[in-house]
Amino acid sequence: MSKIGVFICHCGENISATVDVVRVAEAAGKLEGVEFSTDYKYMCSDPGQTLIKQMIKEKGLTGVIVAACSPRMHEPTFRKACSSAGLNPYMCEMSNLREHCSWVHDKSEATTQKAIDLVRTLVGKVKYNKPLYSIKVPVTKTALVIGGGIAGIQSSLDIANAGHQVVLVEKDPSIGGHMSQLSETFPTLDCSQCILTPRMVEVAQHPNIKLLTYAELEKLEGFIGNFKATIRKKAKSIDEDLCTGCGTCITKCPTKKIPSEFNTGLGKRTAIYVPFPQAVPNKPVIDKENCLYYKNGKCKICEKVCPTGAIRFDQEDELVELEVGAVVVATGFDVMEPSKFSEYGYGKYKDVITGLQFERLASASGPTLGEIRRPSDGKIPEKIVFVACAGSRDPSKGKPYCSKICCMYTAKHAMLYQHKVHHGESTIFYMDIRSAGKNYEEFVRRAIVEDDVKYIRGRVSKVYEENGKLIVKGVDTLLNAKPVEIQADMVVLATAAVANSGAEELAQKMHISYDAYNFFSEAHPKLKPVETNTAGIFLAGACQAPKDIPETVSQASGAAAKVAILFSQDELSREPVVAVVNRSAPPLYSTCVGCFMCATACPYQAIGEELITNRKGEVIKRVAKVNPGLCQGCGTCVAFCRSKSIDIDGYSNEQMYSEVMALLND
Amino acid sequence: MNEFEPKIVAFVCNWCTYAGADLTGTSRIKYAQNVKIIRFPCTGRIDFMLLLKSFGEGADGIIVSGCHPNDCHYTSGNFHARRRWIMFRGLLDMLGIDVRRIQYSWVSAAEGAKWADVVNTTVTAIRELGPYTDYAKVAGYLEKEANV
Amino acid sequence: MKELIQKAASLLETNVVQVVIGYGKGSADRTRAIFSTTAADCEQLIFDSRCIQNLAVYLTKAEIKKMGKPAIVAPLPVLRSILQLAAENQITDDSLVVLGVSPESELIEFESLAAIETYLATKQIAIEEKYQTTIKAIKAMPVSERFAYWVKELEPCFKCYACRAACPLCYCTRCTVENNQPQWISVASHSLGNLEWHIMRAMHLAGRCTDCEACYNACPMGIPIYLLTKSMLQDVSENFGTYGPSLHRDNTLSSFNPDDKESFIR
Amino acid sequence: MQTENHLIRKPSLEKLFNYLIGNGKTIYAPKAKGKLVFFDNVTDFGEVTEDYIVTTNSAKSVVFPRTEKVFSYKKSKESTEIIDAADNTYPDVVLWGSRPCDAAAFIPLNNTFNEDYPDIIFNKRSQKVLVLSFSCSYSDDYCFCTSVNGGPGNTTGSDILFTRLSTGDYLAEVITEKGKLLVTENNSLFEPKPEESKEQNLALIKAYFNQEEIQTKLQNLFENPVWDEKSRACLGCGSCAYVCPVCSCFDIQDEAHGHKGTRLRCWDSCGFGLFTLHTSGHNPRETQGARWRQRILHKFLYMPNKTKVAGCVGCGRCSRSCPADINILDTVTSL
Amino acid sequence: MKIGFYPGCSLTGSSREYNESLLAVAKVAGIELCEISDWNCCGSTAAHNLNRELSVSLPARNLALAELEEMDELVVPCAACYNRLVMTQHELAEKPEIKALIEGKLKMTLRNDIRILNVLQFLEKHIVPRLDELVKSPLTYDVACYYGCLLVRPNQVMKDERFEDPMTMDLIMQKLGANAIDWPFKTECCGAGFSVSKTEIVGELSGKIVRSAVDRGAKAIVVACPMCHFNLDMRRPVIESYLQRKIDIPVIYITQAIALAMGLSAQQAGTQRHFVPVNLTVNR
């Protein structure tokens, strides 16, 4: 017979303001199997937890129900409290009186009655709870870091410096990411590449880091501590061991007019190429789509000129399987393709460019070697208009969210321009200036006051060309809201930061969740900002939401710390919520009849077979068997099993059945 | 006479809809009290027999809700569930068990408002359909069939 | 017929199999399952239109399995059941010899289970029009009336479980209905217990049933339970396309297609 | 009491039926559904069929329903309240159109339910049942009542036995006081006994064996290959037991709904594999052969040993209903 | 399928040529447009600023009439009428309480499922797919397609991806053989709201539109709204006085352009009714 203790929390007034907690406690006390019930102001507080522990000991409770907030919030707290009082933690459950009752209903009899119903329902379940013991699984102390931008670089270095192995996977031929494309960084205006490239080199040389560039995640299976990742190493058509990175092949390649991705199309590259001079690794790859040999079977000049004979035209993609214990996702972001805003003329007028393109124009390593020259004719623009929020904060055509970095980089762009073209004029159309951050507001002020950047509060409606000038039509909402027209030589759109185009697919491969904009979702917006809902997978950088560099680096180090914590243990305790095939029920030691449809239904290949033998060693039965290490506890097999031979601990047939019964019978 | 208050059981998955309903709470969006949630790890875990039992024990309506396709925490539990419900619904329909009384939905952890809407529209719909007397009569065999 | 008897006898004589499951003469004008263990026994084998019992049910019975490797006389419905049993890991190529009987009562020998699948590919399960009409008519009833119809149809059921016993695919050693922790389905044969039992039975056959009608033939009370499985069979083909037992296709309910279509989930 | 014989004309039968209905009786009578005939609750004489050898289901459910409420309960933390079902609300039942074998089955059934202690519910129901049987003019290959001390015109267990005469009218043998009361209440419908003899209007049913001989034989047949052989095709369902007019095994089930619930007794069958399964996993009747043996021994050895009356009335229902064509007569005669 | 037709006041008055050319094009294509009998004012301009209930009731009655006549689609050539009808349909669908109120007032019920098409949608659906066979004498000059404000707004209802820079007319004109120039004034305001009260504003706003079209080499401006046409064509003197220059670029309806391309006469296309003479033989 159960002796359940029911503890009703007021949650300050969060629950007690709409639910008559005293009556709920009274009603709970009358339920069969309930030994003790009470209400208390804050169950999660120290005295609240002490009360539970005390009652477990005093009343000999066999189960505990805390009716308070969502179990997603405090279930671990109360289970731990029970455990410390000697009660198996899985005998403790939480009834969600706050999120599912008091916060969604007004104060009324029906609300209190619902609270009583919810508690009774859970009493029905807890009667059938049984002690469970966490499952120990070994930890593979290698981390997989996906994405070699600043986030991935920082995470990799931190994990590697903690003494653990790292495999860093980057889809492009070089690590570096967006940060390597930037000219200077706000608010210090220090050169982006100057601070980044040493880190890139460190990655390449670190004994604990294995770098796989031009590679992508193909598949991720397994679970925390025991993932199996399959990486597709795209064919580089180069034998990396032989290649010395001398660059002869690049010089001789006849296909020279491919728009350079690194230079956002403002520069050109060859078919065999390194994306930029400081690339890591500094060894070329052949772009098969543009290579003459791959296109029409003739050329092979690079092969002829290569002094080490490193060209491999027959190289194929290679799939590498890795055992890893944790994954850091640092796949970064993309800028919105502004062609959706045809009224801004992007794509139509060469001199309408994105902010990222401007970075390349301003960069010393860029196509203009750092001189601001407009793409159409190479002239130095006398007047530039910057359009902030091009796609951000725009629910009708773009993204409803704020991209967070544009205010700052636009100020930086204008400032860089003013520094380089002293007689130039720069105008910024903006909605609000968001410069929250250390030294950020001062930076913007400097742009306005010292560099004479003109800020116009208003949006741009149209950009069009007339007589060789770009006419920017907009409105100045501060000056009696008059339409303004500015004749500019170049327009820079601060396009929204968006999730990568493959983000959704990648999330599905890893079974992590993502938001409406395809940014990956953190496990908790405040308290678990680097974790995902899948244990062992962490987030770093702008793949989670738009971020600037300092924030990205902090999160990357945070993710690395999480990995290091995970790797500090040899074994992990896993929630024992796993499926089990019965092995005692008659007839013949299990009711399983071995149809193995559970195995086809299992998303984790966690179901194998077991041969039951008699004393003579003869096989008398072939039944399903769940591997508790692989099972993730979804319970699909349980609902599928016709003979009810599989059950799942924590959500067993008896528990769920009893919950339904208790809910509907008062 | 008191207005009919439908009894509605919601079978929801832990990762999406339960979390979505938590968000409804944190967003303080109001909905009707008639729906009570039972938490499952995944829609794949929800046994059709539990739905049947609910009607047998006097439920007037049922909500079954989980992660959107492709968003399942366990990758495919909801796909299995969807097939199961397609078949189950067809069978119930054949048997004259009122399929309008079971509302299936996908509510993600981010769709707090949708959860409130699902609850409210279901409560309204069931209120319009009235108490499930057809099933209750069958379930109340003891009064009727004592002399088989 | 002679061919079948000879083949069966030779299989026993050469000890390829130890028992031949076939049809023999039964009470009055009925036929019944007979289990021949000697060549002489095989003389009693018959096959005609009265042989409607689905013999595949015996392939999973412990008492029959003990007799050794079987050969089984298999007209179309039995062949389908055999294939489904194979798909469910209950039998393998080595575990039996199939003596197929064509609709023209001719012996067909099968090299393997795969050969049965090839043969059956040309003999798709089709719901007869009269049943389609009945199902349509039932579905056209107002929902309350339809429910009342079924409650009345199922009322005579006294839960002898002959439907389950006669079904080759109900080979569980402990049925859900015999599980009392929890008691999923009332043991009692009152309206609710009957309804729940038949819903569960139909659901457990969803995507598996091969439409042999053994359940209906076995029912002493003559309840048209096949209408449920036939209706579900239609649902399977309408919703998921291909239907019928197969060795290489996963079972309907233990598999899925991310693009499965439905109209009722919001 | 001394049997009284009367003549009742065909149209008067309907009047008698309507009289019973008019007096609030619940009538169970043979009713056709498709090709099958069932005992069912009938309120209109037109629904009653005469075209049957025996019905598919037996008549035992009038005293031993397939689901019987024993009591219901309500409990709280402090107390449990039992509401006993064995009250006097059982209906006055008239079993109309039972065959002599059906009526005879009430004797062994009664023996079982009163063997060691009287079953209140069974007895209360029995007291309220009036059995109006009709003799058999036809039989089929499955009938063998004459082998088990019965016959097509046997009066055992009936209150009145009607035998159809060549004229289409009926001989009414009034066997019990209950029957006599009905005749008294409907005096006008009953005429003096007819000339025509009963026997010439009865079906001829061959006696295949002698029940007492079988009883003796079975004492030494516990270990015998015949059980496995004859039950090989058995599918392990319960249809034989459920259509049997004598089988009386039941299972006690509690149906709980929160703090309320009902205790039911439900039919069970020795044919089910799990019937004798122990919690330990051991099953004393492991095989279908052992189950079939139990069924035969129980009916033809254990019951007559204990109560002098066999557990089989030779109606042949089990054989007719068996989906695998296991024939009880076939087994018994092969011993 | 029955295609209904709601002309509205403009098409029976100031822009008869729009009406004529549309019907002529439909006739060539073998499409019957059934005018709603007893249609009433759409309530444009005045009603929705003054009386909300009236502004919904007026179009709702027209929709109800169309439903009574069992029309599946309803073609509304005037952009202002179209806007009112579509907005009403949207409002009725979103707000059941308003629908109930209006139904009560009108003593009519509404299924509210009729598909309302503006001229561009009508052309795209019924004419464009068949242009290849219907175009007999392709147009060979440069044109500027002017959309104005109402055809693409409000975006929440219209759901056009490119409401700031629409392309529908441009694509149709290209199919007719003409070259639709790239110009920035497609959706600029023509000043219709002040067409009567403050014509000098029309002079400035429409002037800039016309000037841009001419300066970019267009030989005609193509429109699909009677108000646009009214301002660009009839208000040409005011425009010219604002621009201080004589401008003779004609303004034609898209339906007229199609009619001409189909080989219909200027008479049939109604181009003789314009204030600015239409003389479109000049090649590019």
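Which chain is which? They are A, B, C, D and E, in the order written, and residues in each are numbered from 1.
Everything that follows uses one rule, which is that a contact is a pair of C-beta atoms (placed from the backbone, for glycine too) under 8 Å apart; a residue touches a chain by one contact, two chains touch by 3 or more.
In this text, all values refer to a predicted model and were calculated from it rather than measured experimentally.
Engineer: Can you list every chain that touches chain B and also touches chain D?
Structural biologist: A, C
Engineer: From chain B, what is the lowest number of touch steps before chain E is reached?
Structural biologist: The distance in steps between these two chains is 2.
Engineer: Just to be sure I understand: the centre of a chain is the mean of its C-alpha atoms, right? Then which chain's centre is nearest the mean of all of them?
Structural biologist: Minimum centroid-to-centroid distance belongs to B.
Engineer: For the chain pairs A-E and B-C, which is connected through the larger number of C-beta pairs in contact?
Structural biologist: Answer to which pair has more contacts is B-C.
Engineer: Tell me, please, which chain's centre (mean of its C-alpha atoms) is farthest from the centre of chain D?
Structural biologist: The chain lying farthest from chain D is E.
Engineer: Name the chain whose C-alpha centroid is farthest from the C-alpha centroid of chain B.
Structural biologist: The chain lying farthest from chain B is E.
Engineer: Return the distance between the CA-based centres of chain A and chain D, expressed in whole Å.
Structural biologist: Centre separation, chain A to chain D: 72 Å.
Engineer: Quick one: chain C and chain D, Cα centre-to-centre, how many Å?
Structural biologist: 32
Engineer: In whole angstrom, how far does the Cα centroid of chain D sit from the Cα centroid of chain E?
Structural biologist: Centre separation, chain D to chain E: 87 Å.
Engineer: Can you list the residues of chain D that touch 2 or more other chains?
Structural biologist: 66-67, 257, 273-274
Engineer: Which positions in chain E are in touch with at least two other chains?
Structural biologist: Where chain E is concerned, no single residue meets two or more other chains.
Engineer: What are the residues of chain A that contact at least two other chains?
Structural biologist: Residues 585-588, 601, 640, 653, 657, 661, 664-665 of chain A touch two or more partner chains.
Engineer: For the complex, give me every residue of chain A touching chain C.
Structural biologist: For this pair, the touching residues of chain A are 585-588, 591, 593-598, 600-601, 622, 640, 642-645, 653-654, 657-658.
Engineer: Where on chain D does chain A make contact in their complex?
Structural biologist: Touch list, chain D to chain A: 75-77, 256-260, 273-274, 277-283.
Engineer: Which positions of chain C touch chain A when the two form their complex?
Structural biologist: It comes out as residues 88-90, 171-176, 179, 181-182, 184, 204, 250-251, 253-255.
Engineer: Would you tell me which residues of chain A are touching chain B in their complex?
Structural biologist: So the residues of chain A in touch with chain B come to 70-72, 96, 98-101, 103-106, 108, 110-111, 113-114, 117-118, 121, 508, 511, 513, 515-516, 521, 533-534, 577, 601, 603-604, 632-636, 638-640, 648, 650-651, 653, 656-657, 659-661, 663-665.
Engineer: Using the touch rule from the top, collect the residues of chain B that touch chain A in their complex.
Structural biologist: 5, 7, 9, 15, 18-19, 21-26, 28-31, 33, 36-42, 44-48, 50, 53-54, 57-59, 70-77, 80-81, 84, 108-110, 116
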